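Okay, got some structures for you below.
Here chain A shows up in two complexes: once beside chain B, once beside chain C.
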Partner chain A sequence: MADARQSPLQKVLGRSTRTLRVRASVIIMAVVVLAVVLVPPLAQLDQQAVDLAQKLRPPSWAHPFGTDDVGRDLLLRCVYGLRVSLMVGAVAALAATLIGTAVGAAAGAFGGWTDRVVMRLVDTCSSVPHLLLGIFVVAMFRPGVWPVVASVALTHWLSTARIVRSEILSLRSRPFIDAAISGGASRWRVTVRHLLPGVVPQAGLAAVLMVPHAMWHESALSFLGLGLPAHQASLGNLVQSARGSLLAGDWWPTLFPGLLLILPTLAIAGLVGAWRERLSPRRRSELML
Partner chain B sequence: MLELSNITAGYERGKPVVRDVSLAVSRGEAVGLLGPSGCGKSTLARVAALLHRPDAGTVVLDGTTVTDYRHRAPRALRTTVGVVFQSPRLSADPRLRLRDLIAEPLKATGRRIEIRERVDELARAVGLGGDLLTRSVHEVSDGQLQRACLARALVLRPRLLICDEMTAMLDASTTAALVAAVENYRRETQASLLAVGHDQVLLDRWCDRTVSWDVPPPA
Partner chain C sequence: MDAEEVSRRLPWGAMGRMTGRRILSAVPVLLAVTFGVFAVAAASPFDPVKAYAGTAGLTASQADLDQLRANLGVDQPLVRRWWDWLSSALTGDLGDSSVLRQPVADVIAERIGWSALLATAAFAIAVLLGTALGVLAARRRGGWLDRCVSSAAYTLEAAPAFWLGLLAIWFFALELGALPAGGLTDTASDTVTPGQVISHLVLPAGVLGLSQLPWFFLYVRQGVGDALDEDPVRGARARGLAERTVLTGHALRSGMLPMLTLIGSRVPELITGALLVETVFSWPGIAAATVQAATSVDFPLLAALTVLATAAVLLGNLLSDLLYGLADPRVGFDG
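Here is the complex of A and B:
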């Protein structure tokens, strides 16, 4: 019987865990995106409203996520924080992918010495921890959103450059590139018209996977006090300011921002996994982070 | 038209696939190059089409001694040679429609005005009718795609056509149609032909002379 191959979870739920994972990911992402897009303009509430009489209240109907140490509603703070984190994550991931694609394509299309020099530079950069390089970049500017975006973009393009380069190298040796060269196409035309369109699926996948990376990087920087200014709600800042109350046994100011950092990450990984499985069904996908 | 002298070529240093081979094709002549699988005839064809730099030897194309290959070769010299490869699937950019595939060399060399007239003319010459030109590469059969690849090779009116196992994957009627299309083009333009293959009967009937390459494949 087919039951023999089902995991206990599958037996309980009565359907494959893969469908379940995809559905859960879609629902989480939908809720997150809708909340981030709709709540700030629709709910005319002030996320900065301080109410010292209500400080550090545990979750209740009035404040589903509780309140922080100056009595601000944490649900509202979390939504605003997620908005900033997602925005920074998406923009930084896009920028990192563009840089990585440009560098990888240049290395792959030119080959030879260009390729060797560029890829050794990439190796050198990736031998330094991301966070350390990122701190270097933010330290050069006043705190704000754009330095954080730059910090993520300038440290996270390396893996995309590697992926794009190897894709281009494999495309470059195909006969249709020979045919294009023989037909008089310039190096630029071959790269832009024939090679780059072929790497779009891989680069797109890398870009989507980069979003949670970028969110985590932003949170790490903010947690260290180097990212966004402390008054601006971001997931990293929320966790950072909740640190003190955690020692006093107040768990909610840390738990909810933390969960909101983890859940979208898992959801994006789940969606990308499903996408990869569609692209190459023979390869069982694992959670890629 | 084409003179290959003492060509040694390969893909890894110190492991040549082609050793000290010479071959000449004169103007208007059709030469068949016959050899077993793996003997390096495709590599020699790539050298002749300026797509692969040989380790040693000289290539003289249309009176010009070739010094640079691939992108570095002057565009006018590169487009003197038209190439058709063995596998039409691999030699066509999978994103294109057949019309764009055939027109690609015209676009690449900045001759967009000629596209409409030239593509229709060539489609007729290679026998691509109906709605085939508007279909994508994955929507046509191998034979239809190879017809389009031949049209692409002829679109810039090359003075030398290199057919590297052009008909190896095709049925007899498509083979006959493609060979007829090549011969019609050559009659009009006095172009030379280097046909690479392993089918002796076909090459003997098609070409003015056939060169047999009896080197055993490198061990």
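Here is the complex of A and C:
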């Protein structure tokens, strides 16, 4: 997109929408993180407080997101749900990144038949659709939080492994690696001290981008009734339990949890896109998802 | 160039060799996936005897349970069970589904047609709408239409398909009352008529198509936009051709053809979407059966469907590589 050509929207706003998008992403993420971190310990409110006289009230000033079928405040429920979703997503993304980095680094650093066998395994795993494999793992080990985390981690490490392996292969041909090897460094030392630090930026970006994916995966599992137990309601659980109210014509218990799933996804994608542009300004990336 | 000539010009030999190689390499992949499925099940705390017996297992005597355990061969070693399953699967016997109370092969045969219908309709929607919007957006990149549709596409990409499906049910089935909320036929009718199927297909196919749409749209936008900056288009403009001809005849053709061939590689995303959409709309397809099998830990059905999905993904990849090689002869059929 050429910056010289300014659309009317940009002229009105006085700066490029790119900057606006980054700012919006920062604000959304800040609000989300603050709400998720601060509301549960600080607010003296019970998300489980049932008030049958107030059940299924549409959004109002007292209840901005409305109330659910037993009169619980949906805004509070959504904040708690987002907290669960974000935490499960972050832990699962971290686990997937660790697995992916370890496997990718092993394949890249050892090379030869280890590389071939490992990458064949990665190809095999990636020919099973993610959600299906995830459903299978969860079905066999449920219920609980850890099966869900395992399901996400076991299905999402593949792309990280590929990224890390190709980064390591390109690093291996650099002169400083040759220098380290001719200086007598062991394979372990070369891998840990010279190769792995080089892949941290790429692996870190992949990990951040994986958080929304992991949240999506978790919410899909929870929606299908295979995810988190009902007392640890995530956004997916909220949508699932709102199905009954939806069929009675009440849209708000379904709408808001879904919106809260979309907003952080877009914000994280916007931030990662901006970060990528900073790293390589020549390749002006589109908003990556 | 008539059809016969086209068929004579196709590189049948190279395509056949590629297909053969892919089938050969698919065999170890599928074997590994079946073994993986059995290994995961063996590592899990789940007891197939209890799953098979269901509620009857609570009152059954220990002797009956032991008999059942022996019949199911649960105590055999993992490799032995896997081999037994594999050898009977090759003869067409995939075992019995405990949740649907019918042979797994029958479940697949009954349901796969409905899933194929849904997938085809969804792809048709995604491709047609994605192409139209993509060309319009690429024509004026950075214009208001491009901005609106691109933002909508990114938002749609982030939106979970089940949530879109529920909102669609709320709006079209409950608020407007225009379309049925789910199932294949009206509840009162016991025969399947084409008219009913079509009216029940609109919402699930629309939502599944919408969830695939962002990818198609962004690809066409990128492809056509890049093609518009290239020499053939500049040449066409210099020759004074109408903008319409330039757009559809030159830019769309070179930008779109590679994209269309990639449809085959979208099978995993399609399966993921179908798992959610079929469940939301109670569509009697194979993906909904997978979810049912998972919720009630119906191992024979789940194992067969996982392998089937893997085979579908491999087939989609092959198809897309073949078409890509045809669309762009520089790529060839070496993979």
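What we mean here is this: the second predicted complex is superposed on the first by the 282 of 289 C-alpha atoms of A that agree within 3 Å, B and C clash if a C-alpha of one lies under 4 Å from a C-alpha of the other, contacts with A are read in each partner's own complex, and residues count from 1 in each chain.
Throughout what follows, a residue touches a chain if its C-beta (ideal position, glycine included) is under 8 Å from a C-beta of that chain, and two chains touch if they have at least 3 such contacts.
Here the structure is a predicted model, which means the values were calculated and not measured.
Q: Consider chain A as the common anchor and indicate whether chain B and chain C clash or fit when overlaid.
A: After superposition on chain A, chain B vs chain C: fit, no clash.
Q: Given Cα centres, how many degrees, to the nearest 10, is the angle at chain A formed with chain B and chain C?
A: One gets 100 degrees for this angle.
Q: Between chain B (first) and chain C (second), which, if any, makes contact with A:Gln47: first, second, both or neither?
A: Neither: A:Gln47 stays clear of chain B and chain C.
Q: Given the touch rule stated above, what does A:Leu266 touch, chain B (first), chain C (second), both, or neither?
A: Touch partner of A:Leu266: chain C, not chain B.
Q: Who wins on chain A residues touched, chain B or chain C?
A: C
Q: With both complexes superposed on chain A, which partner does A:His194 reach: first (chain B), second (chain C), both or neither?
A: It touches chain B, and chain C stays clear.
Q: Which holds for A:Phe223: it touches chain B only (first), chain C only (second), both, or neither?
A: Second partner only, chain C.
Q: In the overlaid three-chain picture, which partner chain does A:Phe136 touch, first (chain B) or second (chain C), both, or neither?
A: In the superposition, A:Phe136 touches chain C alone.
Q: Please provide the least distance in Å between a C-alpha atom of chain B and a C-alpha atom of chain C in the combined superposition.
A: Minimum over all C-alpha pairs of chain B and chain C: 18 Å.
Q: Identify the overlap between the chain B-contacting and the chain C-contacting residues of chain A.
A: On chain A, no residue contacts both chain B in one structure and chain C in the other.
Q: Sort out for me which residues of chain C touch chain A in the complex.
A: Answer in residue numbers: 28-29, 32-33, 37, 40-41, 43-46, 141-144, 147, 154-155, 157-160, 162-163, 166-167, 169-170, 174-175, 181, 218, 267-269, 271-272, 275-276, 279, 290-291, 293-295, 297, 302, 305-306, 309-310, 313-314, 317.
Q: Contact residues on chain B for chain A in the complex?
A: Going through chain B, the ones touching chain A are 46, 49-51, 70-71, 75, 78-79, 81-83, 85, 87, 90-95, 104-105, 108-109, 149, 152-153, 155-156.
Q: What residues on chain A touch chain B, complex-wise?
A: Residues 174-176, 178-187, 189-190, 194, 197-198.
Q: So in the complex, the part of chain A that touches chain C is made up of which residues?
A: By the definition above, chain A touches chain C via 1-2, 5, 7-9, 17, 121, 123-124, 127-133, 135-141, 212, 216, 219-220, 223-226, 236, 239, 242-243, 246-247, 249, 251, 254-255, 257-258, 261-262, 265-266, 269, 286-287, 289.
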